[in-house]
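Multiple structures follow.
After this come two complexes, each holding subunit A, first together with subunit B and then together with subunit C.
After this line comes the complex of A and B, so read on.
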């Protein structure tokens, strides 16, 4: 009980302006689908929410506890596969599949953690990759269970109803939008709770110096496992959400190294070990990758009159830039990491602090 | 005699090398015991054995009458034996206050209480004014004091200090000496590894001398100074 009163006390101490901004933004996000009708805009927002959940859950383990797992696809895939397998092969609604996914991810986390947490630094990273590869190869080869390389296609999503009242039949994007938003808010809330509790202090102490924290009465093994459990559970939720929303999963997407790296990038680009870092990362990466994929850049250049559509340069860009989106994405990521080692959020904060000290 | 810690025939082998062999001694409550010896004598290894970082290869360690042989470091700390590190280990990205709070959270779950305890300890070491500073930016003298404050926040009954004065200038060392005596006046038992003979003779009630992993001598400072074997170990055997 005292913990709860303490949390309320901490909330009271946060600057009201910041709290109000957060509440206003959240409110605006809840109204957004009523105002904006474009399915494409909703799609982008849903992808942003998905990235926030992915990045936010990695942040608990990687950002706060300092265990750089490059194998979070294992938990993402656990959620995605549990949900889809139960929905397609057993006709169990995704709500229960999602919970099964969380349980599976936590179980996977216990096994992977008990092995990988014996290792530190780069060795932990390698072990986390290896563990996920095992899961990918298993999913690929256990054809009776997972459909192997063919993947699983969702034929129809059972409608959500409470009692006899139909809540939604998932025929539009709006229900996905709200589910994504609620999950994203949940991971932000959990991160806030972690940062403002004993848990956060123990996690960060382990990140800074495992041996020193061990000598101060912290059991690193237990806290690292706890951190992974929280992280895996939310990554699994992201996986379930992705599977139902996209409607198709296979081992090479949801259990791939690409997916693991994607999860890490959201956090690193945004700002590691901060509550809103993953949000910033998602806001930067999702629109960026969408803009590159749909060749918005060439279109903007042409419509701004900088490049003529008929000129050889214009032709070249039109034909090739969209194909090169992965390359450009990669280059931009390198640039951010080189020039903003603390992520976009860290960079902005530093600039703000500098400006403040200049005016003062 | 009021014993808080007892080592019984403790040995630690690394392969064929005996870093500690057959070491026995007892610590009396409230006293300061010096631990000295030439480089490589096994002082830090002994601390690591006592605090659970290495399980001893042989022998037994009793803390407050119960065996703690083979217990993990966090359990040892919770029982009331805490140590500092020869090479200081601040949690560099956290503030000074947060560093000490991590220590305090060993005893309490509430952040508010931990903050209170942490501020008290920072007052003790005279660093309350630096509470909001990021620990990574501190000079060595203050890092050492932070290390002491952090370990005090775990509310130890026995404190193991591993060269807290190493690398400090005379004025800073003097501050640490005052701090050690202050801690003693609070009834906390201490075992101190130090290289500076003048200091160790001044603060210790009793001294244990290690050489090549073995206990060479034990006694009051005056006895140690007069011990020919100890002098030989430090200065080489005289031909006279």
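After this line comes the complex of A and C, so read on.
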């Protein structure tokens, strides 16, 4: 009960304008698929939601508890593999597989956490990478269980029905849109709770100074593990969602170091340790990398007359730029770390505050 | 004793020797990482990608100019030194006082830029550099030894010895070691710390690039090869003790042996798992590494 009163108390303190904006935006997002029926627009939105879930769940551990795990692919992969293995090999529908994935991710988190949380700083980062690499190599080598390097391809998704009433058969993108939206809102809600609850204060105390918080009676080992449990559970949901939506997984996509780095970057680019940082990060990253992937940038350059389509440069860009959408992640992270160390959101806030103090 | 009872022993010695030979090159990558860490206290996540650039440099010198891969290190070392120095001057020097996680992310970002730029230029196809001695081998006391691995081991040994002499005996080497020991005190003694940092990163990059050149004849060359070598370099440096050159040499050879024996006695798929398990155990039970106390 105390949690509910706590929530209401904090909600009362939030400026009503901000609360209304949030509710209005959420409402708009729920109506969006009814108004826009372009599958491509929905696809982009689904990718944004996926990134929000990934970045948001890392944010709980990295942003609020200060544990820079570069091994979140372990939990993403747990969700993806549990869901796909149960769906393809045992014909268990993905919503049960999703729960199995969460359980697997929490179990993996317990093992990885018990090893890694004894270490700090760069050693923690390295240990989290090594633990995830062990999982990737295991998935690659346990061919009977995971299909090895071939990966798992989803043949068909069983329709979702309650009793005899069919809810959806996943033939369009709309059900994925709503599932993604609900998960994304859930992680935003959990982040909000973490920011304002006693549990979250313990997380933040550990982030600010682990030894000082320990001397004040906070058990860092327990709270770090708790934070990882929440983070791993949501990362696993993102993994399950990805697996069912994309329909194909293999160790080099869902369990790779690149996946771990991508999860961290969403959060870093947006703004670490803030509720809406991962949202901003997703809104920056997804459209940019999609524009590169779909050759939008090359086409714009060509149609703007900057590069001729027949010229060798134009040909080269047309053929290769699509493959290098990860390049944008690299450039963005370098720019963000050098010029906006608090992320895009922190940078904008600072600018806004500067402007306000000037006009005042 | 007949020869069949000697067979297991021969197999063991054979894999031990090839492990040591490969380990020599691993050591070179590890030493580069450990020098950068020692001087800057920064873990360079782009280390494997720098090595990958060295591989492509050698590949180009070989295919375009016909320069032998082992000879190409004469070009590779100065070019990679300049490249590393430039990276330090333009990027890393700006974050020396930033949060450690931001430093790590910056180097991750730089690594992503390197590997994806190379992918833009060379596509992600696997390239193979074949020389006439690529698959050559000679036999030594009944053991067959790969020719390119043996040559690269000799070159590695010479470079390591030269580097050790440079760090121990020259004024600049001493200045680098002083910076590694205590940055502030070194600065108070009149050492140009920023310059030493640039030289240290240049050295690290040159070593990684050289390692890339040396393994170019025996490995596939592709833009994403870097990250697995970055991880290997971490394992080696942590095993040897962060910042210790001798430790990294030892760590490199140990990892080479572990991989080679793991491939023979467990399976080639699981050999890397063995490396990471050793790594985690080392982190847990001996986090300062085998030679952790002596810094460089």
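In this text, the second predicted complex is superposed on the first by the 332 of 360 C-alpha atoms of A that agree within 3 Å, B and C clash if a C-alpha of one lies under 4 Å from a C-alpha of the other, contacts with A are read in each partner's own complex, and residues count from 1 in each chain.
Here is the rule we use: contacts are C-beta pairs under 8 Å (C-beta built on N, C-alpha and C of every residue); 3 or more make two chains touch, one makes a residue touch a chain.
Bear in mind the structure is a predicted one, so any value in this text is a computation, not a measurement.
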Subunit C versus subunit B on the shared subunit A, clash or fit after superposition: fit
Subunit B versus subunit C as contact partner of A:197, first or second or both or neither: first
First (subunit B), second (subunit C), both or neither touched by A:115: second
Contacts of A:68 with subunit B and subunit C, given as first, second, both or neither: second
First, second, both or neither for A:342, with subunit B first and subunit C second: neither
Touched partner set for A:290, first subunit B, second subunit C, both or neither: neither
Partner with the higher number of touched subunit A residues, subunit C or subunit B: C
Least C-alpha distance (whole Å) that remains between subunit C and subunit B when both complexes are overlaid: 13
Residues of subunit A that lie at the interface with subunit B and also at the interface with subunit C: none
In the complex, subunit B residues that touch subunit A: 51, 53, 72-74, 77-78, 82-83, 85, 89-94, 98, 101-103, 105-107, 109-112, 114, 150-151, 154
Contacting residues of subunit A [partner subunit B, same complex]: 2-3, 6, 9-10, 196-198, 201-202, 204-205, 207-209, 211-220
Interface residues, subunit A side, partner subunit C - complex: 68, 70, 115, 118-119, 121-123, 125-127, 129-131, 133-134, 137-138, 140-141, 257-258, 261, 264-265, 268, 320-321, 323-324, 326-327, 329-334, 337-338, 341
Of subunit C, residues touching subunit A in the complex: 43, 91, 94-95, 98-102, 104-106, 108-113, 116-117, 119-120, 123-124, 227, 231, 234-235, 238, 267, 269-270, 272-273, 276-277, 279-280, 283-284, 287
